[in-house]
Amino acid sequence: MIFLAPVMLVLMLVAVFPILYSLYLSFFRIKLTRPNRTPFVWLDNYTDLFGNELFWTSVARTVVFSVVSVSAIAVIALLVSLLLNQDFRFRRVLSTIILVPWAIPYVANALMWKWIYDSGYGALNGLLFQLDFISRYMVFLGDQNKTIYLIANAFVWKEVPLATILLLVSLKAIPSDLYAAARVDGATVWSRFVHVTLPAMKPGFLLVMIYETMMAIRHFDLFFILTEGGPGDASHVLSWHIYVETFRNLSFGSGAAMSYVLALVTFALSYIFIRTLGRRV
Amino acid sequence: QGASDLTMHTWSAAVDTVQSHLNAFTASSGINVNYGNSPWAQYREGMVTKFVGGAPLDMMWVSDAWLPEWVEAGWIAPVDGFKNLTQYNSEAEEFCNDSMTYNGRQYGLTYYTDYMAFLYDEEKVKAAGFDAPPTTWDEVVEQSLVMKEKGISDYPMMLAMAQESWLIEFMSTLVFSHGGRFIDENGMSSMTSEKDGAMEALQWVVDAVSKHGIVSPACVETGELSGLKAFASGNHAFAMVAKYRLRMLNDPEQSQVAGNVQQTLMPKGGNGAHNTVGWMRFHGMSSQAAADPIRAEATAKLIEWFGGKSDGAYKFQKLLFLDIGAGFGVKPLFDDPEIKAAYNAYGDVEVIKAQQSLAMQKDVVTPWFGEWNETNGTAWQSAILGNTDVASAIAKSSDAWDELKEDY
Amino acid sequence: MTDTIHKPAVDYRRRQKLARISRNLAILIGALVVAIYVLAPVAWLVSSSFQTEAEIVSVPPHWIPEDPTLRNFEAIFTAGNEEEITYENRSGQDPASGGYIPSTAKNLLPAMWNSTVVATLVVILNLLVGVPAAYALAKIRFMGRDASIYFILMTRVIPDIALVVPFFLVIKNLGMLDSIWSLVLTYLAVTVPFTVFILVQYFEGLPDELDKAARVDGCSRIQALVRVFLPLSLPSLVAVVLFAFLTSWNEFLLALMFTQTSASQTLPIVLAAFTSDFTISFSFINAAGVLAIVPPIIVAVIFERYIVSGLTAGAVKG
Amino acid sequence: MARIRFNNVEKKYANGFHAVQNLTLDIQDKEFLVLLGPSGCGKSTTLNMIAGLEDVSGGALLFDDELVNYTPPHKRDVAMVFQSYALYPHKSVFDNIAFGLQMRKVDRAEIDKRVREAAEKLEITHLLDRRPSQLSGGQRQRVALGRAMVREPSVFLMDEPLSNLDAALRISMRAEIKELHQSMQTTFVYVTHDQAEALTLADRIVVMKDGVVKQVGTPDDIYERPENTFVASFLGSPPINYIDGTLKFAGGGAQFLHEALALDLPEAITAKLSGQDGRKVRLGIRAEDVDEAAAGGPGATIHGKVNSVLPVGSDQFLGFDFYGNELFFRVGKDLAHKVGDDVSLSVDLNRLHLFDKDSGASLLW
Amino acid sequence: MARIRFNNVEKKYANGFHAVQNLTLDIQDKEFLVLLGPSGCGKSTTLNMIAGLEDVSGGALLFDDELVNYTPPHKRDVAMVFQSYALYPHKSVFDNIAFGLQMRKVDRAEIDKRVREAAEKLEITHLLDRRPSQLSGGQRQRVALGRAMVREPSVFLMDEPLSNLDAALRISMRAEIKELHQSMQTTFVYVTHDQAEALTLADRIVVMKDGVVKQVGTPDDIYERPENTFVASFLGSPPINYIDGTLKFAGGGAQFLHEALALDLPEAITAKLSGQDGRKVRLGIRAEDVDEAAAGGPGATIHGKVNSVLPVGSDQFLGFDFYGNELFFRVGKDLAHKVGDDVSLSVDLNRLHLFDKDSGASLLW
């Protein structure tokens, strides 16, 4: 298939080797500080995970983070895309504004939020204080019950634009005569939404779910800059765990194994989305 | 990129200063240097990748905490074979020489060194009715409670206990000033020891947060930078930060408490002295460079240019101090009039010197430091958050240490 | 024919008017909520970029700068002389020394330029490579279609952290270290799978008949793609352009590893470098953050208009 | 049950095109009204206005004396077969048909029953599980028809619902629609290009042209008593033949005169032509109103040379060259004619049509 | 210029549906071939295979003896009118029509000329600047037709190109297509549901059913000599009437016997029936093959009671109840009949059709 060749070439060249390489690593017990002792351990790196308490904690954290943020993204993006699909005066302005969070590099985004959430001089505290919602500055990121949701908020804020665009694109593709048919069939605004709009948005939703799930499960930057997994292990998500294992502990083998576990989960989820939201990708 | 070019990588600090000094090096030696830098926060993982990936690299900056790890991994090479480098050891701070030595070999020349200082806001202390800063941790509590009561500050003591690379320095300071240690001479954990372990220090922090309320519960999210900012915004009366921050805190452009910030000796705990922790960063040579005699020679020259004398003077160290306030590891510079003048502009040289002599090396720097550090940080945070009691937090950390050491 | 005209039981005209008013109201409120949600943090970013370092940590915050300063922006725009740096002209302005503007400030504009170049190249390559693939996957039935899709998906499920080192090896072996091409290539690999997915989804929604008509009209597959499908896919192409551009614009980890000097460093790296162990200027970082928004927004403004609806109306019957 | 009235209704499209002009029309309750007219004359636009899918640009549209200009479609209770089908691509055939019922909260068993009944009639029972994209053109059209058939609306709107079906199916569908009309007792507005369909189904026919109504009447009116040349030529296959000439009154009777033809107009026609002596007229002869077998009198015969012979199964069409006019007549399939033959055809004088030559208005009706 | 051959061609869709079965067909160069068959029988599928738009699942498709199973569409040089139009929504009408020429690098002036010519013929000149979405159904269809007309391919494929046009336009378009065929001298494969169209345009007609060819022949063959009941009933409007009975040889001649009817079969027919005495047969009488005027002999008359009267403009259809069979005959529009009248119709015996009752195969052809 000549049309696929360029993509395949790029992926083969750049993506396939890394994937196989880390798969290969995951079968060895590699600790960089012991360059001379790297035994082939077959699946031990994987089986070890079952007994690793922190690993399961991180899985739980990841699940919470992903579920919260992906559902928030999907809902907000749905609402915003429906809004932007309307015809009104400032539509163009609004749809440009909505892209702003996307345009801020992750690093700047994380720093911005860190600074907004700060318990000493943060803008959020300042705002709540001035509005008299709180009488003294609150602890945000340092509160282990709030941390993950606050990080999710920063993540959602950043990811909504892409999701919105993806949904908007599929909204725009709906042929208007379907609405005409539905109106004649007696469908109210709501039924038209349910029976015409939503099914037509399936492709967009599929993209959003796959992409955002992937991003949420793997998300790293915010955790790195905002909390480094803290306080305690409150934001110790799987991607952070992998990072620590790989770069702090220099255990490339088990890091790769965990990456593979995460990859399989992501793949399985994507597969489920593909199966449920569309027969084809 | 000529074949004889050297590659040097640093974190993105004092970039212009480094570049100017490098240009002078090229002018004087004729050796070209490719100078790259990357952000401090991600420097270590960047270097790990470069080492593993075999990127061309000759000289780089190394943090004392990474030394054992990098040596064990075979990434950096000792430099004590180069006479032109060892000649400076006599004029260097002993603390620095020790910190660059692993298994009896020396791995570089000092880039900068500093220690954790105890700073206070003179105005607030006075307002609270005290005429001297605290000298013990109990006094810190005492003064703080008064300030709290008088509404001078909600959380008079600023402690930055967030998970980040600084955390170990803060913890070490607390432990050392309480007279404790993390490990004993055999390298086994001694943290759990009631008297000279880490228990007392952590207990102080836990009490400060939850019993006295003089340290914000947000300390677990506060990093060194945010803490510094909070202190600069006038939220706190006491702070534990790197000594070189003193200058910034007294700069009206950046600080709302400029002019009021003073340094005093680190408060001591029941069994402690006024000890603090010191750290240093150094210029190191990659094993890659060391393997090739010609390149090794050139790299040694480059290290000398930065870490030793260039054109007969400790030029780089001086520039660095004047530009960014970074402490130097070469004693003679203290006598430099320009430096004296600069120090006195914002601090008390005597206190600075006195505290410096009480700075101790981190005792946990081992090849498994990185791995343990993670567990330890989480354990301390759990105790501060009230998820576990002090004893079991320390025990967890202690067990992790012994296990890792065993494993090694 | 009787000429009595009854008003309907329900006055639909009024109802229509009411509906329009409430719709407009809902839109207005919705738009306001969205705009506030999106802009509030950014507004603070902008406001603080005009404040001094001392002012931004005020408690409570100064929402409007009391003492606005352009220092941050001046530092970014005035720096950048091409001269060799010497002891005399070096910027000693690291924070601790009295100024809080990092000496790397002058690298910001070159880094933005690098980022723009990289992102633009990635966009172009994405389209060149991704569009035909998506077309093939959407409109050509061939064996291994599903396998190809899952293969493409698979390249993106592994976390980047695990791929950093092997990616690095590939880039090193291609001799692309510290060159923007390393980023162009890896970003392409990172973005193209999703680009393909976006386009496949959209192409599949376009009537098969159009493809057939084009081919009967004498188009080869590629011509059918270019002459018929692409003009109809503008919305999804915009999505792809934005996606590829912004992903490249935002990417941090790989850029951190592959770039070392200002010849190739991109914006996020330079931004991150502003928080070095000595650098503490939030206000400056915010100024940089504000500038970082500008190029993508220009791109967005250029392309946003092409997200239009109903491109296929009237094409087929059925 | 609905009576639909158009009072001076106008429709202008966004691009300024004036698609329907000053339409005044009264559609009776339970009437089967067929809209007829050339492509682009505004039939679909008219249906869309009834359904509420296009705004009325001017005038009043009334359902049972109630102004509905602003009533949204789902409150109008109409069922519609779209010319472009407009099937829901993501729904199965079953769900496409069931949707209108689901929207009206008809209970499940009832829906199932009605859908299956309709599918049976439409011969698409075996396709109920398919998606529209897997259907042939005619099958899609039947689904579109089914969607309307299962409903019980007050108005049925059908826009060429049978155009893509084969003759046999079309005839049986036509019967189904007729039956539907009878059993439902509701108003039908029906667009078709098929004359047989129009003539067999309609209670009344509206003939439109360029957005303007040209004639409204029963099928018989329209076919037998066209009010103008447009309506006359619009129906009939092959279409009506025209010969221009002059009216001449002589003796008690009138004559149609053309350089090569003189027809004696019968009494019934002459009666309507008083005072039109010498008028330039256009004579219309329907293709089927000639006979070769019977020998016409001298005042009722056309002579000509056969120009083309077109067998169409049941009949054959003879093309004639008649002094510059191309005439087409329908004759029995038994008569063997070759191109070039001379033929004489007797004209059925009672069925002649006469129009004013310039305005095209009928002189008879 | 192309001769198209199907050798045992099969088409199975992805869902397993067998749309075309074992199709063997030889389309001559320059032939005008019409595909006829009920909705869903595989006509469009066959066209699509010729165009290369659907893969051939089995067998060989040959253009001039060259296997083209795997040749992509743009190498086949065909022009096609799609049943669903498939207009380029983003292009103006002009560009839609011009596109095929642009792809073939015809020069601009020439394109302009050809497009305008075609638009003229199609009466859409005033629409050239519009987008498809702003056109009426029939206008869209004409654009689709125009897109093919401007081309000079070796094969024209037209899938119901006139279904949405009014009768008058359809007739003139039919003439245009005829002329196109004559001037281009290329092969046409044409799908239609309109019998008049099929019979007037076709050199040969292929009648299909459920993916299988039922008969191939000239229009005359198909109409006059249907090989089976399917083909016989498929053409004719109203369709052919069937009466089941038995063959009886008596004396020199044969007779068709039914409880209430005995027809003496003429010589020509009897000759083909030798040895079929006593066979159960199905008699076919086309609706137009009766005459009320002429008095038929005893062995050639049907008596019955009028059940329905359907005027269709040019004629009227009488529905008969004949011993449980519903028969439809076409009679002149002059004859005034009411429901309930008793009528006698003489049957044109020479035009009778006889089929085997069980297999439906013709006994005559």
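As written, the chains take the letters A, B, C, D and E, and residue 1 is the first residue of each chain.
The definition used in the following text is that contacts are C-beta pairs under 8 Å (C-beta built on N, C-alpha and C of every residue); 3 or more make two chains touch, one makes a residue touch a chain.
Bear in mind that the values here come from a model prediction, so they are computed numbers and not experimental data.
Identification of common neighbours of subunit A and subunit C yields B, D. Here the two chains linked by the largest count of contacting C-beta pairs are A-C. Using the average of C-alpha coordinates as each chain's centre, B ends up farthest from subunit D. Taking the mean of the C-alpha atoms as each chain's centre, subunit A and subunit E sit 59 Å apart.
In terms of their C-alpha centroids, the spacing between subunit A and subunit B amounts to 35 Å.
Centre to centre, using the average C-alpha position, subunit C and subunit D are separated by 57 Å. Residue positions of subunit C touching 2 or more other chains: 57-59, 165, 169, 221, 272, 275, 282, 310-313, 317-318.
Contact of a single residue of subunit D with at least two other chains is seen at positions 72, 83-84, 87, 135, 137. Among the residues of subunit B, those touching two or more other chains are numbered 41, 45, 52, 229-230, 233, 235.
Pairwise chain contacts present here: A-B, A-C, A-D, B-C, C-D, C-E, D-E [touch as defined].
Those residues of subunit A that touch subunit C in the complex are listed here as 1, 3-4, 6-8, 10-11, 13-19, 21-22, 79-80, 83, 85-86, 88, 90, 92, 94-108, 111-113, 115-116, 120-121, 123, 125-127, 129-130, 137, 157, 160, 162, 165-166, 168-177, 203-204, 206-207, 210-211, 214, 218, 220-221, 239, 242-243, 246-247, 252, 255-256, 259-260, 262-264, 266-267, 270-271, 278, 280-281. Note for the complex: subunit C touches subunit D at residues 1-2, 4-10, 12-13, 15-16, 208, 317-318. Within the complex formed with subunit A, the residues of subunit B that make contact are 41, 44-45, 48, 52, 68-69, 72-74, 154, 162-164, 216-222, 226-227, 229-230, 233, 235, 367-368, 370-371, 373-374, 377-378, 381-382, 384-385, 387.
In the complex of the two chains, the subunit A residues touching subunit B come out as 32-35, 114, 117-121, 136-137, 139-144, 147, 224-225, 227-233, 236, 243-244, 247-250, 252. Contact residues of subunit C toward subunit A in the complex are 23-24, 27, 30-31, 34-35, 37-39, 41-42, 44-45, 56-61, 128-130, 132-133, 135-137, 140, 142, 144, 146, 148-163, 165-167, 169-170, 185-186, 188-189, 192-194, 196-198, 200-202, 204-205, 221-222, 235-236, 238-239, 242-243, 246, 249-250, 252-253, 267-268, 271-272, 275, 282, 285-286, 288-289, 292-293, 295-297, 300-301, 304-305, 307-313.
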